[in-house]
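In the two complexes below, subunit A is the common chain; its partner is subunit B in one and subunit C in the other.
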Partner chain A sequence: MFSQFLQLFLAGVAQGCVYALVALGFVLIYKATETVNFAQGDLMMLGAFFGLTASAILGWPYWAAILFAIVVMAVVGMLIERIVIRPVLGYPTFTVVMITIGVGYILRGVVTMVPGWGTETYSLKTPFGDAVLRFGGAVLAMEQLATIALTAALCLVLYLFFRFAKLGVAMQATSQNQLAAYYMGIPVQRVNMLIWGLAAAVAAFGGILLAPVAFVHSNMGFIGLKAFPAAVVGGFGSVPGAVVGGLIIGVVEALAGFYLPEGFKDIAAYVVVLVVLLFMPSGIFGETARKKV
Partner chain B sequence: MTIPILQLANVESNYGPVQALRGVSLSVAEGQIVTVLGANGAGKTTTLKTISGIIAPLKGQVKFRGADIQGHSPDTIVRAGIVHVPEGREVFPLLSVEDNLRMGAFIRRDADGVAKDLEAVFGYFPILRERAKQEAGQLSGGQQQMLAIARALLARPALILMDEPSLGLSPKLTKEIFDIVVRINRERGVTILLVEQNAHMALKIADFGYVLEVGRIVMEDTGAKLAEKDDIKEFYLGMKAAGTRGARRWKKKKLWR
Partner chain C sequence: MRFIFKTDYAQDIRLFQHGGQVFWYGLLLVLLLAAPYLVSGYVLSQLHFICIYSIVGLGLMLLVGYTGQISLGHAAFLAVGAYTEALLQGAGVPFVISLTCAALFSAVVGVIVGLPALRLKGIYLAIATFAFNVIVEEIITRWESVTGGNSGKLLKAIELFGYRLASQESFYYLCLALTVLSCLALINLLRSPTGRAFVAIRDSEVSASCMGINLAYYKTVSFAISAALTGVGGALYAHKVGFISPEQFTLIQSIELVTIVIIGGVGSLHGAVLGAAFIIMLPQAISIAKGWLPDTLPQAGLQSVVFGLILVAFIIFEPYGLYGRWLKIRTYFDVFPFYRRGTFRRQRSYLRSERLR
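Moving on to the complex of A and B:
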C-alpha cells in the first residue's frame, strides 16, 4: 500500500521535473520580456530530437547527446529572439504571443519534414536502462531517480548562476528594471537574447529527460499545456515557483491517475490551478504584492 | 583653452510628434559642476537621456571629449565614461544593495579596482554598507538616491549626469546629498552635470549654469551670477522683487511653467 504510493509519488515527481523545466523556460522569458512564449513546449520537443539524433543516429554517448542538445538549442533560442522576437518588441503583447504560437507551429512542421525524424515515434536509450532500486516493498525506476537528480543538479547550477555570476545578476536586474539596466550599460538586448538561449537550453534538458518515458515525437511539445499551469501555480514570474508548481502538478497527476476514475489525470493540472488560484490569486510564490508601485 | 568634456550643439530630440528639445547647446568643462535649471517639462530629463543614449537626437551633435557620441547605444556611452543617475532613482528593487552596486560596475573587468571603489563608495554612504544585504526596494527614498549615486560611481565615470537628486527629499537630506556630490566632484575629480528644479541648492554648488525653457537654453552664466539675476530670483528662488505686480508675475510665471 505504502510502497505503491511511493512508486506513484516518485513517478509523479519525475514527470513534474519535466513540467518544471518547461515552466522554468516560460518564467525566464516572461520575466525578461513580459512575453509568454507558447513555443516553449516545442523547443523541448526539438531539443529531444537533437538529443535523439546525437544518441541514436550518430551513436554518441548519452551525456554527449545531452550536451549537444543543450548547446544546439541555446543557439536556436537565441536565433529565435534575434530574428522574430526582437523586431516586434514594443508591439502589443498579443502580437508577440501570436508570433511565439507561430514559431511553435513552424517547429512542429519542420521536424516532420526532416529526414530521419518525420512523424515517427522514437525512444531514447539512457545508461540507466530498466535498472530499479528496491526500497522496502517499492520498486523505483533508476530512470526516474536520475531524472530527479539531474533536475535538482540543474536547478542548483541555475541558482548559483543567478545568485553569483555577474551575467546571472544582470539577467535579474534587466528583468526587474529594464531602463535602469540600460543606464548601467548592460546590453539589454543581448541579455534578453541570452535568456531566450537559456530558456531553450533548459527546455532541451527537459525534453531529454522526458524522452525515455514518453517517446520522442513531433507532438510531444504539447506537454507545454501542462507546464503552463505549473508556471501559473508557482506564481508566473517566480523561478522557484515554476519548479514547485511543476512538481505539484506532476505528483497530483500521478496520484489522480491511479486513485481517481479515469479521465481525472488529464484535467488534474487545471484543477490544481483553479484550487491554488482560488486561495492564492498570484500563485504560491507570487511577487505582485512585493513589486514596487 | 582645453576642449570641454561635454558639448551639445543644436540638439533636437522628440517623442514621436512631441518635440522636447528645440536646439539645445551647452558645454561642460572638465572637473566642474554644471547645472541645468528649468521648470517641470522644460526638457531637462530629455537632455540627459539624449546624452546617455537612451534617446537618439533628431538633429545636432553630442561630443564627449571631442568625439561624436549622439545616437550611440547606452552601453557604449557608459563604457566611454558617462553615467546617468536617473530621475526617480530607478534601483533594481529585488536585488540586494550590494548587487545593485555590482551592476553599476557591470562594464568593468578590473575586480580589484571595483572592490576599491566599493570601499570608497561605502565611505561616502556608510548607510549602504549597513544595508548591503537588504533588498534595494526596501530602502527609503533618500537611501535609494544614495544608492543610485553610489551605483553610478562604481562605473568609475568621468562624467555623471544627475537628474533631480533632490526630488521628494527633505531639505536636510537634500543638503546631505548635495554635500556628498560636491565631495565626489572635488575628491574624485568627477565632472557633474546636474539637472534640478531646486535652483537654490543647485546654484550654490554649481560652477556654471544654464536655464532651459520649453526645449531651449534661454540663459547661461556662472552659478554665482545666475543666482543674482532677477528672473532667477523671482521664479526659481521664490524671492519676489519689490514692486512687481501680481498680474505681471503671473504672466511671466506662465511662460516659465
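Moving on to the complex of A and C:
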C-alpha cells in the first residue's frame, strides 16, 4: 500500500519536473516583460525536434545533442523577441498574449513542413537505458531519476545565475521596474531579448527531458497547457513557485489517475488551479497586487 | 465631408446617426435578404456559418471588447448551448423554448464562471476560463448517458411553428434573423446605462467603482449576456453541423473565437461580424492558394502557419483590426487631403504593472 503510494508519488514528481521546467519559462518571461508566453510549449516541442535531429539524424552523442538544442533554441527565442514581441512592447497584456498564441500556431505549422520532421512520432534514445532503482519497495526508472536530478541541477544553476551573475541581477532589476533599470544604465531591450533566449533554452531542456516519456511529435507542445496551472498555482512571477507548482500538479495528477475514476487524471490540474485561484487569487507564492490609479 | 450638427441630447443615442447609415445598412439588409436567390448553395452554407459565428463573436465582443474581461473558455458556452439544444430537441421540446433554454442555461453557467472572475484579473482570468473550458470538455466526454460521449449526438432539422426548416434557405433566414436581433439587442444594451457601465469598467475599474458602479454585479451581467449569446450561437451551430461531439469544443475553438474579436477589431460590433466573416473565409482562401504551392506541403500545417501569421500581423500592424482599417480608409477620404499618419496612433503604456511595485 505504502510502496504503491511512493511509486505514484515519485512518478508524479518526475512528471512534475517537466511541468516545472515549462512553467519556469513562463515565469522568466512574465517576470521580465509582464507577458505570458503561450508559445512556451511549442518552443519546448521545437527544442525536442532539434535534439532529435542532432542525436538521431546526425548521430551526435546525447550531451552534445542537448547542448546543440539549447544553443539553437536560445537563438530562436531571441529572434522571436526581436521580430514579434518588441514591436508590441507597451500594448495591453492580452494583445501580447494573443501574439504569442499566433507564434505557437506558426511554430506548430512550420514543424510539420520541415522535411524529416513532419507529422510523424519519434522517440529519443537516452544513455540511461532501462536500468531501474529500487527504493523502499518502489521502482524508479533511471530516466525518471535523471529527469529529477537534471531539473534540480538546472534550478540550482538558475538560482546562482540570478543571485550572482551580473546579467542575472540586471534581469531581476528589469523585471522589477523597467524604467528604473533603464536609468541605471541597463539596456532593457537587450536584457528582454536575452530573457526570451534563456526561456527558450530552458524550454528546449524540458523538451529533451520529456522526449523519452512522451515521444517527439509536432503536437507535444500541448503539454505546455498543463504547465499553466503549474505556474498559476505557484504564483506567476515567482521562480520557486513555478517549481513547487509543477511538482504539486505532477503529484496530484499521478495520484488522481490511480485513486479517482477514469477521466479525473486529465482535469486534475485544472481543478487544482481553479480551487487555488478561488482562495488565493494570485497563487501560493504570488506577490500581492495593489492597484494604483 | 459630412457634418452632424447636434441640437438635441437624444441625438447622441439614436440608432442611426444620419441618413447615410440608414441607406447603407438598409442596402446591406436587402442584399442579405436576397442572398439565397443570388448566390450558390455552397456560398449560402458559408453564410450560415458567418451568421452563427457573428452571434458568438458579438457575445464575446461584449465581454472582451466592451467590459474588458478576458475569456479563453467561450467554446465551453458554445458546447453548453449546443448540447442543451440537442437534448431538448431529442425530448421533443419546441424550438422556441429549447433555444430560450439553451440561452438561459448558458447564461447560468456564465454566472457561475463569472463569480470567481470577480476576484481575478488579466491573465489569471484567462487561465481560469481556460481551465473551465477543459473541465467542461471532459465532463461532456465522460457523461455518456446524457451527452453520448465521444460518439456524439445527432440533431434533426428545426421545426418552427409547425414548419420544418430543412432547406438551406429557411435555415439561412432563421440565422439571419437571430443575427440581426442580437446586433440590435447589443446596440440597445450599449447605449443604455448598463452598457455605459461595462465600458466604464473596461476603461478603469477603480474609476468605475468610484462613480458608483457595482463592479461585481455588472461583471456578472456581462458574463451572463455574453454566455447567453454564445449559447444561442451554439444551438444554431449544432443544427448547422447536425452532429456534435466533444472535440468540436476544445481550447483551439476558444482561441479561434477570440481571434474573431482580435482580427475584427476589439471594441466595435462591426468588428465581430467582419472577424467572423474573415475566419470563415480563411480556410477556403488557403485551400485555393494551395493549388499554386507544391503538393508536399501538409494542409493542416499550412493552415496553422497562415493563421498564426495573420494573427501576428494584425496585432503588430493593425491593432484595431479590420474595422479599424476601414475607419482609417474612410477618415482618409473624409478629411482628404488632410489625413495624417498619427491620427490613429495607439498610445503605448510602459510599465503598467499589475504587480506590487
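Quick notes
To be clear about the criterion, the second predicted complex is superposed on the first by the 287 of 293 C-alpha atoms of A that agree within 3 Å, B and C clash if a C-alpha of one lies under 4 Å from a C-alpha of the other, contacts with A are read in each partner's own complex, and residues count from 1 in each chain.
Just so it is clear, a residue touches a chain if its C-beta (ideal position, glycine included) is under 8 Å from a C-beta of that chain, and two chains touch if they have at least 3 such contacts.
Nothing here was measured: the structure is a model prediction, and the numbers come from that model.
Subunit B and subunit C, once both complexes are superposed via subunit A, fit side by side.
Using the contact criterion defined above for the overlaid structures, shared-chain residue A:219 touches neither subunit B nor subunit C, since it reaches no partner. Judged by the touch definition given at the top, the superposed model places A:97 against subunit C, while subunit B stays out of reach. When the two complexes are overlaid on their common chain A, residue A:3 makes contact with neither subunit B nor subunit C. After overlaying the two complexes on the shared chain, residue contacts for A:271 are found with subunit C alone; subunit B is out of touch.
Here subunit B and subunit C are compared by how many residues of subunit A each touches, and C touches more. In the superposition on chain A, contact is made by A:228 with subunit C only, not with subunit B. By the touch criterion defined above, A:186 reaches subunit B but does not reach subunit C. Applying the stated contact rule after C-alpha superposition, one finds that A:177 touches each of subunit B and subunit C.
Superposition on chain A leaves subunit B and subunit C with their closest Cα atoms 7 Å from each other. Shared interface residues of subunit A (contacting subunit B in one complex, subunit C in the other): 176-177, 179, 287, 290-291. Of all residues in subunit A, those touching subunit C in their complex are 30, 34, 36, 84, 87-91, 93-95, 97-99, 101-113, 115, 118-119, 176-179, 218, 225, 228-229, 232, 236-237, 262-263, 266-267, 269-271, 273-274, 277-278, 281-282, 287-291, 293. Across the complex, subunit A is touched by residues 52, 54, 73-75, 77-79, 83-86, 90-95, 99-100, 102-104, 106-107, 137, 151, 155 of subunit B.
Within the complex formed with subunit A, the residues of subunit C that make contact are 64, 70, 116, 119-124, 126-128, 130-132, 134-135, 138, 141-142, 204-207, 251, 255, 258-259, 262, 296-298, 300-312, 315-316, 319, 346, 348-351, 353-357.
Residues of subunit A touching subunit B in their complex: 166, 169-170, 172-173, 176-177, 179-187, 287, 290-292.
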